[in-house]
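Structures given as structure tokens follow.
Each of the next two complexes has chain A plus one more chain, namely chain B in the first and chain C in the second.
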Partner chain A sequence: MYKIQHMTLLENKSADIPAPRVITTKPRVSDKIFRGVVTSFGMSALLILTLIGIFLAYRGVQTFHSQGWSFLTSYNWDKTVDENGNSVSSFGVGAMLIGTVLISIVALIVGVPLSIAMALFLTFYAPARLKTILVSVVDLMAAFPSVLFGLWGFFVLMPMANYWAKLIYKYLHWIPIFDAPEPFFERSPFIAGLVLAIMIIPIVTSVSREVFAQTPLDRIQAAYALGATKWGVIKAVVFPFGSSGVVGGAMLGLGRAFGETVAVYTVLNIVFAPNWHVLFGAGGNIASLIILKWGEASGDETTALLAAGFILFVMTLLVNMFANFIVRQTLKSGK
Partner chain B sequence: MNNAASSLADVSKQRATQKSPGSAPMGTGLEARGVHAWFGSHLALEDVSLDFAAGTVTALIGPSGCGKSTFIRTINRMHEFIPTAAMAGEVLLDGKDVYAPGTDVTKIRLQIGMVFQKPNPFPSMTIGENVLSGIKLAQLKVDNKEELLEECLVRAGLWNEVKDRLGAHAGGLSGGQQQRLCIARSLAVQPKVLLMDEPCSALDPGSTLRIEETISELSKSMTIIIVTHNMQQAARVSDYTAFFLSEGGPGRMIEVGPTTEIFTRPRDIKTENYVSGRFG
Partner chain C sequence: MTTIQVKPQRPWKATPRDMGTTAGVILLSALASLLLVLGTGLKGKIGFMVCFILISTILQVVVGVRKFGRKALGDNIASSLIYVGAAIVFLPVFSILYMAVTKGAAGLHPSLFTETMFNASFLDPIDKGGLLHSLVGTLYLISIAMIISVPMGILTALYLTEIRGPGAGFIQFIVQAMSGVPSVVAGLFIFTSVILISPLKASGAAGALALAILMIPTVTRTSQEVLLLVPHDLREAGLALGATQWKTVATIVVPAARNGLITATILGVARIAGETAPLIFTIGGADKLNLNPFKDYQSALPFYVWKGLVLGTPESLQRAWTGILVLLVLVLSLFIAARTLGGKKMGK
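Up next is the complex of A and B:
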């Protein structure tokens, strides 16, 4: 008896609970128009990027058909026609992919530590006035035309880097990557990587600086109150808090390193052969390949260059997605 | 004297009988002499001289903005982290001025620990790592880390709650547990003095009680200075009470004395008004 009563009580109760109301508002016309304008401009970034991707894939698809996987793995770039006038060209970006990876690694290894140090200095050490000046200088570096970096790299950095390369070769050539088939060190991926390192500094520095500056003050004070030195505070509090941001900044830098064209084109000796020797003067990256061949390209070569552009597009997309993934994973683990 | 003040006095009387000034021969004297503090050109604290006997608990009370927190932050030199902050006067630890030129400030902070208003454990570290973080930061040598870890957590009254999850991240603890973890963390470097800046203001009454028990326990072996807005708390935990007040101008110390006296027969009418709840 009691049970039944109880159940009816429950039933009644649930019948009494109303369904949640749909909360709406009637926006004014002016607000609607503004919303429409902002939305369409906001979505335009996505639209433009998608259209570029589709365009590259569509125009390059012929090359993917005719070359297949060898477009990624072969090292030739030969535009040839047989006696009947049919194209027997073979195009491959394998050497350029290797070059891209090599140059980017050099750029990250050299550029990221420099940027972190610079961000730490700006956030925790620099006097206010110097900080203001340096921040605008670093921002200026980001807006600096890359061809000027290229020229400077060619005329000023290369002679010096050439010497460093010889030193590295002399003492470390037993490590395969520092070996070289011939003692020819000019215009190498190493030097191109150094120029790129300087070019990625602004973005990595400014992202790191912003993350470091957001380190919660109470944690910094806690570390100081425990008798930590400034370096101790940075190690115990700032790095754990900011590591994901630094990784994100480095990935953005990597994106730039992948896509950099003119500076690499100016400095690097572009050769269509696989070269894993970072000090040896031969290499290339996809962006510089496109600029190198674009002027005289026609027919199937143009298509192949657009296909190469599509590869670059995908690589950049993947790096950025990977950066997001890492940042989110680090945030999730409670840092 | 109204009822509220006299009931506070009853509580504090009980404590005051347990200890007399300097009764514990721990050999650490802390003394502030003529301490002034500025933020930019704004004088926030004027001429505070206070003697802290070893092994006593001193409560600093007073309305917001009267310079209590500023004062304790001058003691372990945390004041200077605020840009444009300045100070005058001396803070003597064992007779040596902590502001003397050439002083290694990290060593000062190892001797004068601090617990903050908001619990601030390092979230990237485990509970155990948090407790021992000071050892690592100051690169101190410890023979038996396990032992030290347990000892600090026991003294902070947290051992029983966390002994099975020392490897867990500190962020999973409740606010009160986090605050006791912060106390344990500051104990690990074995400071002679512990500064507590409103350590319970972000906590519920139950956690507050636990922290107060911890303070009583710790005062057997160290000098404690606690800033509090809670007069009952001052009465419960402290041997001495100093009343700070800012009357429009810089904060000043109005009066200091054994806690019982401050709450029963303060010399200054302003103190009486404050402790009896007439303002503030």
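Up next is the complex of A and C:
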């Protein structure tokens, strides 16, 4: 009954049946606009990074021109003018480069083992409820203002670290790196490195945790089934799988350590001379140099600081890209 | 007929006896280290901590080896070290929070939030003047940085998750590289590209531009994670009903991820609220209230703290600690808001 009625209805209105819809994969106008807008915004990150490089290089090129390679290798930072009023300044970030690397190495040596322990604890040891709280605490640490780390490092850590530095100097000064020209341990690269170590712990921990959590479960269970202890599993399965990811995380931390400014400036005694002695209170850091000299800088000194900023940018960019590449490879291999 | 009820067994759970042994180990090592600290040259809390860690590790290992044999030696040492390492990480966190609260609270006074530094100097006692101008400046900075970076970040995330064009892998790589740009470089960039050549001079807006550069990668990465969590079925259902991609994204995907996107924004704000270095080049730093972010110098909480820190007198340091406490409370509440929102189920 229903069927017949339906058919007659159709027959009566045969002229109104629309032509079959054209089936196409061509995007509509709205989609074209949407895709265009989103794609152009997607490219914005690339644009910004390129612009940063271009602008800093453009402003700094004068310094690279006048100072040449000595900008990277010399230890002087003198703004001088000769009797005719021409600038004969000599700027070099050699000491700052050495200091940056030295501080970052201290930060890695202290921070990375602690981060690995933390990541292992969170992934394999902590009970589920404790884990969520502790993960939040570690993330919170990443959100602390860097000026707070500086204040805390200066007033709380420094007195303690001075004492540790004296102990290390007393018993280990026969190792060249722990030696010091004179027993002056305040505001040393060692203390700056300790502050940085605390600052890089969140990023290294979260990358390591992510990598450890990607360890194939079947391999872990196989190891347990063979009678391995927890440490046995970590040693035989987790570390071989995740070690390169941890290296990548450590390098991301290194990138952060290179670029940290305010906290290092607060706890470090910036001296324009090369110093390899970690415990001795004289060091350098490119980022701190920039804010140290910015206030009274003008003319070619400003240009030199911008050139130093360009070098810092290139250094961190290279380290970061390499680190991200390693981490991505590790995470991919787990899938 | 009798039914047998099988009780779940957990043989790996600690028995009362195990717990007793652990308590004994902790007590014994605490006592032994106390005696060592009192009786020998080792002094202070740190000496106690070192002794305690050493003695408890050794005792724990001995107990473990007696119970499980020599195979457990490595396992016991490793787990001891991991516990100690994790504990060491938390010491500075609590120390930092404790210092900020105790030192900062000493400088709290009623007019702190109603007065500026216009008629006071950083060298004056803390009860003169206040940080209203910095608080307002920080709110301006956050708002402007948000207006710029939230659309950019979310649209970039949409490009990475919805369009997945040929360059998506590369853009992902670039965004990650951008998240490592040092804050001081972001400040220098805005100085060279905006303050030097455009009519916009050192001001709140210039500072916000520098902060936006630091905020974009954070917003992008968190939004991307959230958008990836939206079930693929929802997108397919939208397309199957004949919606265009634009309609699907705008009416299904983004609303489903709304809470997550708000979390991404809040985390981005928490990331930049405490940044000091870029502001040194871009914001100028004023002592009076300035409500126009496009003209004249402005102040911000991190800048206020920085100023107090650099001057280095007891009064100015007190101001720095108080400023950092206000800043920390701001960051903490943002962080907690992000956690509460992010903890909710997707799409609710």
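Following the convention adopted for this analysis, the second predicted complex is superposed on the first by the 296 of 335 C-alpha atoms of A that agree within 3 Å, B and C clash if a C-alpha of one lies under 4 Å from a C-alpha of the other, contacts with A are read in each partner's own complex, and residues count from 1 in each chain.
Here is the rule we go by: a residue touches a chain if its C-beta (ideal position, glycine included) is under 8 Å from a C-beta of that chain, and two chains touch if they have at least 3 such contacts.
Keep in mind that this is a model prediction, so the values were computed, not measured.
Of the two partner chains placed by superposition, only chain C is touched by A:Thr316; chain B is not. When the two structures are aligned on the shared chain, A:Lys79 is found in touch with neither chain B nor chain C.
When the two complexes are overlaid on their common chain A, residue A:Tyr224 makes contact with chain B while staying clear of chain C. After overlaying the two complexes on the shared chain, residue contacts for A:Pro240 are found with chain B alone; chain C is out of touch. After overlaying the two complexes on the shared chain, residue contacts for A:Ile198 are found with chain C alone; chain B is out of touch.
Counting residues of chain A touched by each partner, chain B versus chain C, the larger count belongs to C. Shared-chain residue A:Gly232: touches chain B and chain C both. On chain A, the surface touched by chain B in one complex and the surface touched by chain C in the other have residues 229, 232 in common. Residue ranges of chain A in contact with chain C, taken from their complex: 27-28, 30-31, 33-35, 37-39, 41-46, 48-49, 51-52, 55-56, 58-59, 113-118, 120-122, 125-126, 134, 136-141, 143-152, 155-157, 160, 198, 201, 205, 229-232, 234-235, 252, 255-256, 258-262, 266, 287, 290-291, 294, 305-306, 309, 312-313, 316-317, 319-321, 324-325, 328.
Residues of chain A touching chain B in their complex: 128, 216, 218-219, 221-229, 232-233, 236-237, 240-241, 334-335. Against chain A, in their complex, chain C makes its touches with residues 46, 71-72, 74-75, 77-79, 81-86, 88-90, 92-93, 95-96, 99-100, 151-152, 155-156, 158-160, 162-163, 165, 167-168, 170-171, 173-186, 188-189, 192-193, 196, 213, 216-217, 220, 244-247, 249, 270-271, 273-277, 280-281, 302, 305-306, 309, 320-321, 324, 327-328, 331-332, 335, 339. Chain B meets chain A in the complex at residues 76, 78, 81, 83, 106-107, 109-110, 113-114, 116, 118, 120-125, 133-134, 136-138, 169, 171, 182, 185-186, 189.
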